[in-house]
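First up is the structure itself, then whatever we jot down about it.
For reference, chains read A, B, C, D, E and F in written order, and residue numbers begin at 1 within each chain.
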Amino acid sequence: MRIRVINPNTTAAMTAVIGRCARAVAAPGTVVEAVTSPMGPASIESHYDEALAVPGLLAEIARGEAEGVDGYVIACFGDPGLSAARELARGPVLGIAEAAMRTATHLGRGFSVVTTLARTVGQAVDLTERYGVQRFCRGVHATDIPVLELEDPKVRGVIADACRAAVAADDSDAVVLGCAGMADLCHELSDEIGVPVIDGVAAATVTVQSLVTLGLRKSGRGEFASPPPKRYTGLLSEFATDGAES
Amino acid sequence: MRIRVINPNTTAAMTAVIGRCARAVAAPGTVVEAVTSPMGPASIESHYDEALAVPGLLAEIARGEAEGVDGYVIACFGDPGLSAARELARGPVLGIAEAAMRTATHLGRGFSVVTTLARTVGQAVDLTERYGVQRFCRGVHATDIPVLELEDPKVRGVIADACRAAVAADDSDAVVLGCAGMADLCHELSDEIGVPVIDGVAAATVTVQSLVTLGLRKSGRGEFASPPPKRYTGLLSEFATDGAES
Amino acid sequence: MRIRVINPNTTAAMTAVIGRCARAVAAPGTVVEAVTSPMGPASIESHYDEALAVPGLLAEIARGEAEGVDGYVIACFGDPGLSAARELARGPVLGIAEAAMRTATHLGRGFSVVTTLARTVGQAVDLTERYGVQRFCRGVHATDIPVLELEDPKVRGVIADACRAAVAADDSDAVVLGCAGMADLCHELSDEIGVPVIDGVAAATVTVQSLVTLGLRKSGRGEFASPPPKRYTGLLSEFATDGAES
Amino acid sequence: MRIRVINPNTTAAMTAVIGRCARAVAAPGTVVEAVTSPMGPASIESHYDEALAVPGLLAEIARGEAEGVDGYVIACFGDPGLSAARELARGPVLGIAEAAMRTATHLGRGFSVVTTLARTVGQAVDLTERYGVQRFCRGVHATDIPVLELEDPKVRGVIADACRAAVAADDSDAVVLGCAGMADLCHELSDEIGVPVIDGVAAATVTVQSLVTLGLRKSGRGEFASPPPKRYTGLLSEFATDGAES
Amino acid sequence: MRIRVINPNTTAAMTAVIGRCARAVAAPGTVVEAVTSPMGPASIESHYDEALAVPGLLAEIARGEAEGVDGYVIACFGDPGLSAARELARGPVLGIAEAAMRTATHLGRGFSVVTTLARTVGQAVDLTERYGVQRFCRGVHATDIPVLELEDPKVRGVIADACRAAVAADDSDAVVLGCAGMADLCHELSDEIGVPVIDGVAAATVTVQSLVTLGLRKSGRGEFASPPPKRYTGLLSEFATDGAES
Amino acid sequence: MRIRVINPNTTAAMTAVIGRCARAVAAPGTVVEAVTSPMGPASIESHYDEALAVPGLLAEIARGEAEGVDGYVIACFGDPGLSAARELARGPVLGIAEAAMRTATHLGRGFSVVTTLARTVGQAVDLTERYGVQRFCRGVHATDIPVLELEDPKVRGVIADACRAAVAADDSDAVVLGCAGMADLCHELSDEIGVPVIDGVAAATVTVQSLVTLGLRKSGRGEFASPPPKRYTGLLSEFATDGAES
């Protein structure tokens, strides 16, 4: 089984972290391929960033389809391009927010999300609604640490403090980490905070693996059927045509 | 006052229809500029199309900001790129689904949406939730007419029949037309069906005009503040940098 | 185009403020007629006040219909009598809470309402539900200033402080003023607070104007069709018969 | 214990039916006083009718307060004036829609409402939301029988058929009768249809009686405290002052 | 009329309190029988306790059916076994949380619940959803007093303080007591706090009495029809067979 | 890794089917132990059955804890005793309705449930609410096949027809099988119907396996902490004490 974990920003160092966390939970027979988007912003911290990251992500999905990949993880907590990716891919595609938040619902009554910039909180709240987990999500808390500074060891204490404060303020049973760049903190944070801390990269990887094992893929009918072919103009035209053909 | 009405697909004939409908309702002092997206798909009928249409739309917003445009209409019923556009623009940005559905709430208890392909129905339902109009929207009905065939005079009868059937099935007080390409049908349909029929292009144009008159623009703080500057890689990099600077 | 802005309380000084704010935003060709209800309470601060204000409001709608008025604004934040007024009127009728709260949804993710007496908070919350804006409304805050003291220059500071506190407590992007008597404070408050501040009188006036421009009026069928004629008894009988005939 | 059951329309024949049904379920020590509103429409079939019925209803509440009545039933399925009545009254006030729909929730998973004119269906739906019984209410069905024709024996078969059809269409466990004028049909319909049929007049009477027995009355604080005194102008002024004093 | 009030825990002292409170509000002709569950935990403070309390409760319902009881109250705030009890019983069955929370909706806009252990708060929140009273319930507050210590006079002050704090924090109009063991505190707390305080034991008793008076019982069709007979194995088999036969 | 799949009814033939389906999807290193509840009803088709099945299920959880089991599947579509089981178990516990419905959300916009008796539909609807999947669940359809007749080869055609009809009526993207006894039909039905068909036994098994792999278990704090020890009386007392000790 081949699972492609796509980092939809263009920062390769973050892809390395993501790949490590995905591989750590995959079953022996599963090949995890962590790839970096070929174009777009270095990090995704606004609706604008997200909009410009999606074409690169979709290019990776299209390439994966050509190469026979079995399933995909979109490794950014905004789950950018998830619906479009599901149209392109034959196998399952999971976002890390989707996977992490759904996983949290199995562990207790309520979870808190701890994320990066305050301006992304609204997007996380929208996702709780999209995935039907509003009744489980008790709060989304920003640390105001930019995505690309997450690798700095000094910020780990800030994140741990934010997790602890979130659990207390929300009376939560678990914490969901709100950025792929936090993936490798999950075990040590769980030990420190005393409640389960969930990383979406790992959660999405095992969920995709499970769906492939179950033989489940999106329906061939309706909203997520292959997109109808189109005439494309301008900058994205060559790329897009490839996508539509898959 | 300058209002830019952006057709986010690349079909200029559709832009012409849109521009005509917007100008028909603008006040004397208002200049309506209808523009066609410089890149992307010829029509938007999937999540994939939408994802590839948004960069071109944002390029037009960025250009408009450089040129001092006062407000924008996104003339596609999926309201693609609305949040990202609000980050870029200083003045108001309205989607036509947003404007049409909100307008319908002032006219009666329930409305029906009549749209193009069945695969877009889910997107319209999502928008009713996003805008808080679920309790007013009684049904979304597909005609399965592709967007680019809407100009064919033969399909007008099909649309009229779909509107009539929707009102009967949903016991609705009004109909919202679910595609910018239907904009010019709104008055004749209203006469035929006997209930108000709402075109989002016109509705969004007068709403943007009203917001500019009221002196209202998005908050400078929070989620819709200008996006933070980023390093961009690959195909979109030159374009994107321009966007982020505005 | 003639728009009648009805003050449903009987305090003429408040009507003057309301008329000024409505005229300031109307288009050149639009005639704004601000009228005071002929009967009822001097201000509306309870369900009881509202119940006794509605007959006078409806009398003004009935008179407007006889005089060929094109649309109406109900200039009290509880939107009293809105459904009954829609039954009577041929053209659009907007409440100022409805218009202000809907307008706020175009400007950001969340707004706060700042209003008068604490006992009216529940009514404002009910309206957020009725109009489908609960997900945008982050809080309703009472100043406990009675309606008729709003003209006192000393209370302006109290209102400004309440707006500032509401934005901070709710992390809001905009403020909606919760009383027609605050209409003329909107621009200075917006400058002071640094977020858009929305007055429903102005918002409703431009919305009614837009609906008339679009040629949209309530459906002739269903819930908001003209009320069936009735035999009326007692105090309201002569008045009511007039209403029912229009 | 004295319970006043107020018919808010001015048709005394309907008051007689209502009184009979209320008395049939009251406990031995409870005095049920059925009264007819002193002014307003002969029946309530529109928002307009309701608006003009409320002042007369409130006059009866005010009179009841002066006379030491312990609790009130508002015997019209739209529950007109309920919030204002609660402000005026010291003891409990129940609407018949409120009582009937709440009662139905104790009997099964879902109920249907069978009512009079189609134009009142929206109002009934609003009440399900207000009382939090949407998840129990599976449908509101109009018979299009005007309120004042309910006494005609020929319409009973139409109502029975509508109840039977509603139970089948909604797969309901119970039927709520949507008009005080249907009160006396409840037992025979229940026998005919084979599911519980609930009349709000009886349900509200026993609920008020229970609340008085429990010693429960509205809170003296907040939204339902006595309305603040006001200066009243015009037609309702003398009446209104009395109301506010109580 | 015979109403059986079942204490689903096995602590007889608590049954005595419950019986006293139920009898105090029953009408002269109503016989209230307070019974203690024949098996299960001494108090119900977890999902596990509740699961093991339900068989004993159902045994009491089955016995009551054999003895011709007219209606039942389940006197534990989690309303354990309510749906199963409704399947077994011919007459009405009410839970005390159901009755107390519904009763509170007639008294004001919002109520607070004051309960025992923090671990039961989630269960109370689930019940607000089940009964459709989320919009009325403003908070559930734990005192962390174990159920069996409620009889200790020293804890009464703690409960009074918790009620007072809840009303202030939630800006509530009423308090619902979240344990049958608090039933006898309701009047003195109401006097101390100054808002209505509702005990579910009394509220459920009068509601069952009302339903019997109205001649209303669960529908014979659908979800709450008698359970289909089954073959039972092991510990519960003899008991269960009896239950299924009734 | 040891996963115990508990059949909460007492029919061993059904346990055999369940065990086969669970083992078919477990990873090589995972030991799946399918066990039959030691007491209770032969099948679960009412709230009453469910109530009497839960003690036996909990006995199996308690035994599993004593034996070091890593995680549990409750193999009945009503997810009986799930919260109590989570209190007892150290590792993850999943219900098959929970797992199947969550899994379906990854595959498309909407799913249908096809289940056994009509009287269980309400329970399934309750679970969609509990798990936050109402917006994905478009309908629950009963076949009225009793649980113990599912093994009869003749009913397979009835189930296939029901699945096909449900997809058409609901315009669904996937089908969830609403009974553990249907587990082995999932692949052939998927082939026949042309949309993904999801069996909760398999879905729950891989989900529990994933949670154990991720090192995630319920929070030690709050609602799902071990239940407080209690004194138990009567029939269940010896068993219950054992449970509480684990």
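Annotations
Definition applied: a contact is a pair of C-beta atoms (placed from the backbone, for glycine too) under 8 Å apart; a residue touches a chain by one contact, two chains touch by 3 or more.
Computed from a predicted model, the values in this text were never measured in an experiment.
Mostly identical positions are employed by chain A and chain B in their mutual contact, as over half of the interface residue numbers are shared between these two copies. Legend: contact pairs of B-C compared by residue number with E-F, D-E or A-B; the interface matching in over half of them is D-E.
Of the two chain pairs examined here, E-F and D-E, it is E-F that is joined by more C-beta pairs in contact.
The distance from the centre of chain A to the centre of chain F, with each centre set as the mean of the Cα atoms, comes to 28 Å. Averaged Cα coordinates give chain B a centre that lies 45 Å from the centre of chain D. We define each chain's centre as the mean of its Cα atoms; on that basis chain C and chain F are separated by 53 Å.
Touching of two or more other chains is recorded for residues 109, 122, 222-223 of chain C. On the chain C side of its complex with chain B, the touching residues are 25, 27-28, 92, 94, 98, 102-103, 105-109, 131-136, 171, 173-174, 187, 190, 194-196, 198, 202-203, 206-207, 209-211, 213-224. Residue ranges on chain B touching chain A, taken from their complex, read 10, 38-43, 45-52, 54-56, 58, 81, 83-84, 86-88, 117-123, 126, 129-130, 146, 222-223, 225, 227-228, 230-237, 239-240, 243-244.
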